[in-house]
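In this document, chain identifiers A, B and C correspond to the written order of the chains, with residue numbering beginning at 1 in each.
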Amino acid sequence: MREALLALFLSSAEPLSRERLAGIFADDPEYAGWQAALEILLATGEGPMQLVAVAGGYRLQIHPRHHALLARLHVEAPRPLSKAVLETLAIIAYQQPVTRPEIEHWRGVSVGASIMQQLQELGWIAVVGHRESPGRPALWATTSEFMQHFALTSLEDLPVAMTGK
Amino acid sequence: MVNAGMGQAVQVNGQPLDSLPEGLFIPPDALELLLDSFSGPLELLLWLIRRNRMDIRDIPVAEVTRQYLQYLQEARRRNLELAAEYLLMAAWLAEIKARMLLPVPPTRDDEEMDPRLELVRRLEALALVQGQAEALQSLPQSGRDFWTVNPVHYEDLSPSPPLLELIDIAAAWLRIQQRPVRRDQPVHQLSNPAMGLRQRMVEVLLCCRRDHRPWSLLELLPELSRQALTMSLLAILELLRQEALQLLEDREDGWQVSIAGMEVPQRA
Amino acid sequence: MREALLALFLSSAEPLSRERLAGIFADDPEYAGWQAALEILLATGEGPMQLVAVAGGYRLQIHPRHHALLARLHVEAPRPLSKAVLETLAIIAYQQPVTRPEIEHWRGVSVGASIMQQLQELGWIAVVGHRESPGRPALWATTSEFMQHFALTSLEDLPVAMTGK
């Protein structure tokens, strides 16, 4: 049972929610007890892996005790985000859903198309609708990939910003 | 305006901007760097206010405007390109300054009439965004601070069969037959439309396909009922007519056929 | 040691070669014995995973015994066939053995390669011969998988589609 559960998590590119798992195991008697196996996996992990709650589901991560070794494999760290990109992402993450004119108002400067494009290519933002105002501007929000990248369980986990400098 | 005497004493590279001395002092190459690092006039203004340790809610507009304009003049003196937004901000600051000199009309809510209010709102919003950007930056990031399990490969899973029932196929065939048909291309219509004949035709083809050699007619005729024999014979004749089978030679021991489109080794 | 090796394979998007592993473990005494661990992993796998040799090194894959379960997660729910595919299948079923130009004649429109491919991937049609006419067109027929799927013993069991003429 534990192996079957692991096989699902190992093969999945997306976090799997309890609802999704329930749909897969359905009422198949062969997989009764999957919930108990999930609890054990969450509590103890498996070998070098730990199961972590992220973006409304669970996904496998490598246990931090192996990080020094992994750094030798993944020598190319992701490029740091520019200040403009980071601020735009922050506005979308904390104020979502938000239109581009609103983002520009928050930052006090225009937001170049390349900034939005970069965030879209990362898969971190997407259009989720339109505001019913003149021009019907697109409403931007963060995606599940954004939460996965920053290991957030939900948007409520976004850290509180300190401003009173 | 610019204290050129101290210019050599200050290192620009590698120095955080906040370490610049109080008052307006811009080392030779610093201004360009400075303007580059700001995303716009609002941010330059926020930086000036923080550097002067002013209260964002009670901005001494005259002093901030003076410093702000000095930066702009210095930039212009050095022929640096400034976005129009910087000049708009200058105009806004001048307007606020002018309105603050006017006597305040009597109102119930003084704060509502403070000409600085909108500017304060904008600055506070920017300060909040900067804080949020920093907070995001502090989060652990995948591929930098932790690693996820890359999806493990699995071999091709067979696709689930489509939702389809036999009757759907029959209905589709019926629809096709009822359509007006173009007659400009040959279609091999059987005189006898029975599916049994088609079944046998496919079987004969598959049989010939198993082994790349000429087949004698007898080999292809099952020793079954007369009806089956008739059907097989019909199937072979039909396949020959449709040129799906090739008649190789008409010998004493009977016909030999082979599947069309396939090279048959010559017998010595 | 086995765990460290697994951690590397689990976090890597690409296969890892022995040379690459050797470079990562270097002569670090902490990871001496990685080669023996690799042999064991190759021989026995780990839980639901097996380590297989592919171009460029080794990579993990889910053991086929879990495929039925993985299909529930990864394979799309059954959908109806498109009209074009259904018609093509009907013509092949009732007119077999039949060439593609003939199918096109019946349908009155050309039959895209993707239609034939879809039916082939289902395992429902196959080439059974060729006509000795110009171009030597392939003759298509339904397969025994098709018969099995619809529980047919012979094509004679196909429902009679009466044109009502």
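Note that in this section contacts are C-beta pairs under 8 Å (C-beta built on N, C-alpha and C of every residue); 3 or more make two chains touch, one makes a residue touch a chain.
From a predicted model like this one, the values you see are computed outputs, not experimental measurements.
Taking the mean of all protein C-alpha atoms as the reference point, the chain centroid lying nearest to it belongs to B.
Between B-C and A-B, more contacting C-beta pairs join the chains of B-C. Taking the CA centroid of chain A as reference, the farthest chain centroid is that of C.
Rounded to a whole number, the gap between the C-alpha centres of chain A and chain C is 31 angstrom. Here the spacing of chain B and chain C, counted between their Cα centres, is 26 Å.
Separating the centre of chain A from that of chain B, both taken as means of CA atoms, is a distance of 17 Å. In chain A, the residues touching two or more other chains are 10-12, 49, 60, 62, 70, 74. Residue positions of chain B touching 2 or more other chains, listed in rising order: 147-149, 152, 154. Those residues of chain A lying in contact with chain C across their complex are 2-4, 6-8, 10-12, 16, 20, 24, 31, 46-49, 60, 62-63, 66, 69-70, 72-74.
Within the complex, the chain C residues that touch chain B are 10-13, 49, 59-62, 64, 66-67, 70-71, 74-81, 83, 86-87, 89-91, 93-98, 101-102, 104-108, 121-122, 128-133, 136, 138-139, 141-142, 149-150, 152, 154-156, 158-163. The residues of chain B lying in touch with chain C in their complex are 147-150, 152-155, 157-164, 166-179, 181-182, 185-188, 194-196, 198-199, 201-202, 205-206, 208-209, 239, 242-246, 259-262. On chain B, the positions that touch chain A within their shared complex are 37, 39-43, 50, 85, 122, 124-144, 146-149, 151-152, 154.
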